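Multiple structures are listed underneath, in structure tokens.
Presented sequentially are two complexes of chain A, the first with chain B as partner and the second with chain C.
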Partner chain A sequence: MPSWPEERKYIGSHATRIDAPAKVSGAAKYPSDVQPQNWLYGMILRSKWAKAKVTKINLDPALKVPGIKAAVLAPAVSERGNDVTLRYYGEEIAGVAGTSKQACLDALRAIEVEANELPYVVREDDAKADDAARVWDEAPNLSRANVRQQGDDLDKAFGECAAVVEGFFTTPVQIHHPLETHGNTVSVTDDGVTCWASTQGITSVQQDLATGLKVPQNQVRVITEFMGGGFGAKFGPGVEGVIAGLLSKQARAPVKLMLTRFDQALAVGNRPSSFQKMKLGATSDGKLHAFSMDNYGTAGIGAGASSAGGGGGAGLRAPYIYHIPNFRVSQQTVAVNAGSSRSFRAPGCPPASFGMEGIMDELAVKMGIDPLEFRINNDPFEIRQKEYKFGAEKFGWKEKYKKPGSSPGPIKTGVGLACASWGGGGQGTQAEAEIHSDGSIEIRCGTQDLGTGTKTLIALIASDLLGLTPDQITVRVGDTQYPPSGGSGGSTTAASVSPAIYDTCTKALAELQQQSGVADARGANWKDACKKLGPNPLVVHGRWQQGLSSSNTGGVQFAEVEVDTDTGFVKVKKVVVVQDGGLIVSKLTCESQLNGGVIMGIGYALYEERYMDKTSGVLLNPNFETYKLTGLADVPEIEVYFLDMPERGVIGIGEPATIPTAAAIGNAVANALGVRVYSIPITPQRVLAALGKDKASA
Partner chain B sequence: MSDPATPDGFSVSRRSFLKSFGASAAVAATAQLESVAQELQKANAENVVGPGTVPITLNVNGKPLKLEVEPRVTLLEALRNHSPLTGSKEVCDRATCGACTVLIDNEPIYSCSKLAIDSQGKAITTIEGLSQDGKLSKVQEAFISEDALMCGYCTPGFVMSVTALLRRVPQPSADEVRHSCSGNLCRCGTYPRIMHAAMKAAGVASTSKTEVIPYAKLA
Partner chain C sequence: MKSFQYANALSTGSARDLVGKDGAYLAGGNDLLAMMKEYLVTPPILVNIKSLPGMDKIDSSGGAWTIGSLVTVAQLEDSPVVKQTFPGLQQAAAEVGSRQIRNVATVGGNLAQHSRCWYFRHRDVPCLKKGGDICYARRGENKYHSLFTGNSCISPVVSNLAVALAALNATVVIQRGGQTVKMSIPDFYAPAWSNPQSHNALEGTDLISHVEIPAESRRSAYIQMSEKSVFDWALVSCAASAKVDGGRLSQARIFLGAVSPVPYEAKAANDSLEGKTLDEAAANQAADLLLAKAHPHEHNGYKIPIARTLIRRTLMQLNA
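Our next item is the complex of A and B:
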């Protein structure tokens, strides 16, 4: 069984991100930055109707606009011929490419589209009604319920409880909003296709672009040297990638088609909403005993397609991390005329955490038990057991936790906690090393670095295994010409890539030692050994091995908030994170991931919500002046305690840190006020409503 | 669709504005406004450019950048789409996120919201212009050492905002850093590290609150 070296100089060190110099200097070329010769600007025309039957589309006027070189219909539109129904505000209709953005803007205005508007529905509650307009003719908006249960008689089980609480928790549709929008620069020539993609998965882009453009997969090369964030929404080339390819083919020139921020909000993914009606009971010894949940949420138009088969896109993990002997969980997905959901950082978990951890606190309060003790009493995960105790000490839980609503004065303080659970395992990556006689070495791996630090991780591992320094190693990722690795989602990348780099470097070293006759070619002997290689470089292939990575992380977070009961404004003062993982490969980038998870969770708790207008079917807050993201001034003091467990090998930690933050803040707000705000984002209006101070929403 | 808020390309020309204004206001006032408009038109006549491309010269990072662009092209579009200077990023394209921040005469400016043609005759500094003789600036070095970046797409904007602050206030308080970066957004959540980087570049000590604890030592 392979194992990580006992002596680690760079693995687990504070070494800086290897691509940071390129990123701070503007030298890093993102897919939105590349400028192949004669490149054209591309843009997409989208539906301005929430639902409509198209009667006419005429692209000719667009082609007459000066500078315009190509105009194509969106693939779904051209495939459906005369039977085109647009199902949401923002659905792709056509694309244009021209010599400037301005030419494209003129061309989009010139395209003639006529359509008959059809009834639509954009809010979950409206879509559930029996007489609601159907998003899809062939299926009702509301999917069949997906039911899971345990125990013979739930009513009896609730009857056995010493205390039972009920609550209706809701979470909004959240939009990914990576700062680099979705998009690609695509060059289609007779020799094949080159695509610079802002993606989390170069191989899935290769596959889907080949299908979309009807070319063999081996003729499609995808390059992602840098990319500006994904958070789960960037797999595959997207409709926009195929449109860019079609435009490039027609114009016989490369086309850069990056979505606008508006497009981004409308069409390329979001986290489904949830409406969780819950009931939770515990026996007199403080053990959870009975639970019921009816949940529905929307995944946009995508839900309708899946509802035909009885599945659903908005399901949550329930009863979350807890083992409850008696439960019934029923979940439904409701289709609305809005863009489809996609996986979003820890899919299904932040909403589940907000609901479940909220009702846990309600029950603890009702039973007069400290919420910390209540969790210790009910959490089945051994590592988290220690994390509660350790975190509580660092946070000062015993001193800070007071009876709900007992904070004096108009500005009330409160504390809350919540926990996380995630996998973080991965496998399947391949890699190769190329070693030259001058001692230079390149490591190539067909993964992609989303800003998570994957390139840095590769350099640190290779440095320790070869006795070199990170600056001696050239790391290449993000190219389908390199050995395949797979998409970067589910926090799988670190656990999948690291063992492959271990294997590659170990084998390369053995091969180098054999060819050179140098017994130990590491460190000081490296150059001498390489000199004996001759003119042909040594190329060695390696792959993921068992035993160097694992999965299953916990994590606990504590939050302290201040709530102004006159204005309803919530200020997060402090968050303490206790996170386990495995072997820390890159300390700096690991910490950055944890900070980032918390900060995204603060946005989910307090600011972010997609807002659909029921009278026009339009998304009302597509850009950042109305869709609020957490800013620098909103960031509290964040203390991170990372539990080092090298014996577990490498585990990905990109997702767990964003799971419990909103729940911990929600519990802290309830602790401050003495009444609960059951819906996120916890806006000033909702706080005032909970306090009975806002007559408009009472 | 660049702006779904105006799906029909709704816009108000000066003439239609005056017309509608005239319909609801006194005729005399309209006549007066019409004459003002005529005067303005006359005064502007010699300065009318476009709608086709016009030659412009920008002073970017100390070098002249000669371009042929339409007058409606923003400074950001001129840099990103008409020159190789793609370091400034387009994220929101409406002055909410700061990823396009450049310095104009040392003032941080959203380049997405300033026309290229109006940026002539001023000293424009982009992220590519911060290093001197191939050496990164102290702000850039601090962003590297403090890991004040993740995906890196907001990074050029933050570096420019912090640079502008430190040129004005060499030793800022934390609140001054927060204020100077209030026009910049990051989605990855690098803010705490940006704060450290700004302080480090200013020579002000700040400490990280991260600890690695061996699991075996926990109770």
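Our next item is the complex of A and C:
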């Protein structure tokens, strides 16, 4: 059984990112930056109707615009011929490519589209009604309920409880807004296809692009040396990638089609909303005993259905991390005329956490139990048990937790906590090392670095196993010509890549030692051993091995807030994170993941919400002016702690980082106010309404 | 955006000739270029007025204070003399957008900026303010909208400087067809109160040359509340000024922003403070009078308690 070295110099260290200088200086070329010779801009024409039957599309006027080299229909539109129904504001109709962005803008306005507007529905509550306009003619908007239950008699179980609470928790549609928008630069020639993709999965882009462009997969090369964030919505080339390919084919030139921020808000994914009607009861010993939940949410035009913890559907994990002997959970997805959901950092979990951890606190308060003690009494996971105690100590929970609403004055402080659960395991990665006689070494792996620090992680592992320093290792990722690794999603990358690098380096070292006759080729002996290789480099292949990584991670977050009860303004003062990541490989980038998860969670808690207008059917806030994101001034003091458990091996933590933040903040706000805000984002409007000060809606 | 011609103005006269009937003056460009990118306006010519001489000065040599319309918002924010003389104006400037925006945004542009209503700003919504048939906000998403209006459009004025300058009893000086026209801040915005398509009193080739603030010994303050800590529009803003003598107020002026198409005031509220010592009761009474005619819509009633709080807090700052 393989095992990580006992002595670790770089693994677990605070070493800086190996690509930090390239990123800071701008030398790093992202897919948005690449400029192959003769490249053209590409842009997409989108539906301005929430639902419409198309009667005419004429691309010819676009081709007459100076500078325009190609115009194509979106694949779904050309496939449907004369029977095209557009189902949401922003759906792709056509694409154009030209020598300037302005030429493309002019061409988009020149395309003639005529359509008959059809009845539509864009809001969940409206879409649920029996007489609502149907998003899909063949089925009602509201899916059949997906029901899971346990225990024979739920009513009886509630009757056995010492206390029961009820609550209706809601979470909004959260839009995918990575720093780099979705998009690709695609070059289609007679020799094959090259795609510089802003993607989480170069091989899935390769596969889907080959299908979309009808070329063999082995003729498609996908390159992602750097990319600006994915978060679950960037696994394929997208409609925009296939359109770029079709445009490139027609124009016989590379086409760069990066979405505008406006496009980004409409069509490339979001986290489904949730409307969770919940009831929770515990017996007099403080043990959870009975739970019921009816939830619905929208995945846009996507059918969604239930996909607990996995895809991008509207289903949630419930009763989340808690083991409750009696429960009934019923979930439905409601279709609306809006862009489809996609998996979004810990799909199904942040909304589940907000609801479940919220009602947990409600019950704790009703029973007069400290919310921390209540969790310790009910959380079945051993690792989190340690984290509650450790985190409470660091946060000062005992001193800070006061009776809800008891802090004096109009500006009230409050504290709250919530927990996270995630897999974080991975497998399947392959890699190779190429060692030259001058001692230079390159490690190649067909994974992609989303900005999480995958390249750095590879360099740190190789350094420790070969006795070298990170600057001696050249790391190459993000190319389908390298050994395959798979998509970077589900927080699987670290646990999938690390063992493959271990295997590659271990085998390469053994091979080098055998070929050179040097008994220990590491460190000081490295160059001498390499010298004996001769002109042909040593190339060694490795793959993921069991025993170096594991799964099932837990985390706990504590939040402290200040709420102005006269204005409803919430300020997060401090967040303490305790996370189990097994063997931490790259501590700096791991901490960055936790910090980023918290910052994203603050946006979910306080600012982010997609607004659909029922009268016009449009998305009202397709920009950062009114789709609000956490800014630097909104970021509190964040303390990150890891449980040091190297014996567990490598575990991914990117997703659990963001799961409990909004729930912890929601609980802290309720603790400050003495009343709960059941809906996120917790805006001044909602705080004042909860306090009964909102005249219009109270 | 639609292609356009570009010219540098050398005098207000040449600027007027160049801009013609449908052109636009370009100063900081924050608002204009954003509207052009969305095809909400398509001027055939942009006349750069940053080249006009002498309009970027803050000056008190002639009695009244004059602030040139090309003074940047950052200049106001950073000016020690503005901070000392008109703290309310300095505070309002410091809350505009981000530092990058304030570095190029001008006083004239801030006053003349158009509605931020998300229906008005949407490229595919033919709202009333753009000449359409209905105000979508009235029946739709109106959490950012007005509590007071004299017409069917409920988009509010969002200029921070307008609210602060109104409290300081400032005058907007406009070059109109070779004539100089002066109007109070309330008069400058008055057309927006009654006409849904109007943002302010500027028409044709009008150009704001400067703003005048009376040289009076007034205390002033400005506070706004947004959803985010910084770089966010005000949900409600409040500016106040008054002469304070021996703890007693006179000639108090209180204005609210982001709740009406005009900086909103009520004479009764101002009058209620005349000769009074400022305490919580006086401040609350003024707030009641100022908010008496508030008409909330489905989603913006929460602005009333925020406004009440800001009125109280802003007035109490005058005591400091």
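Everything below uses one rule, namely that the second predicted complex is superposed on the first by the 689 of 698 C-alpha atoms of A that agree within 3 Å, B and C clash if a C-alpha of one lies under 4 Å from a C-alpha of the other, contacts with A are read in each partner's own complex, and residues count from 1 in each chain.
Here is the rule we use: a contact is a pair of C-beta atoms (placed from the backbone, for glycine too) under 8 Å apart; a residue touches a chain by one contact, two chains touch by 3 or more.
Only a predicted model underlies this, so the values are computations on that prediction, with no experimental measurement involved.
In the overlay built on the shared chain, the residue A:Ile584 is in contact with chain B alone; chain C does not reach it. In the superposition on chain A, A:Val24 contacts chain B only, with no contact to chain C.
When both complexes are overlaid on chain A, the residue A:Gly568 reaches chain C alone and has no touch with chain B. Of the two partner chains placed by the overlay, chain B and chain C both lie in contact with A:Glu625.
By the touch criterion defined above, A:Ala633 reaches both chain B and chain C. For chain A, the partner with contacts to more residues, out of chain B and chain C, is B.
By the document's definition of touching, both partners, chain B and chain C, reach A:Lys48. Residues 48, 89, 102, 105, 109, 618, 625, 631, 633 of chain A touch chain B in one complex and chain C in the other. Against chain A, the residues of chain C that register as touching in their complex are 1, 3, 39, 116, 118-119, 122, 124-125, 134, 136, 139-141, 143-144, 225, 227-233, 235, 296-302, 304-306, 309-310.
Put simply, chain A touches chain B in their complex at residues 12, 16-17, 19-21, 23-30, 32-33, 35, 41, 43-46, 48, 89-90, 100-102, 105, 108-109, 177-181, 226-229, 231, 258, 260-263, 266, 383, 386, 389-390, 450-453, 580, 584, 587-589, 591-593, 595-600, 618-619, 622-625, 629-633, 635, 637-645. The touching residues of chain B, when paired with chain A in their complex, are 1-4, 7-9, 69-70, 72-73, 77, 80-82, 84-94, 96-97, 99, 126-128, 130-131, 136, 140, 143-145, 147, 149-156, 159, 177-179, 181-182, 184-195, 208-215, 218-219. Residues 48, 89, 102, 105, 109, 566-569, 571, 606-607, 611, 613-616, 618, 620-621, 625-626, 628, 631, 633-634, 683-685, 688-689, 693-698 of chain A are the ones touching chain C in the complex.
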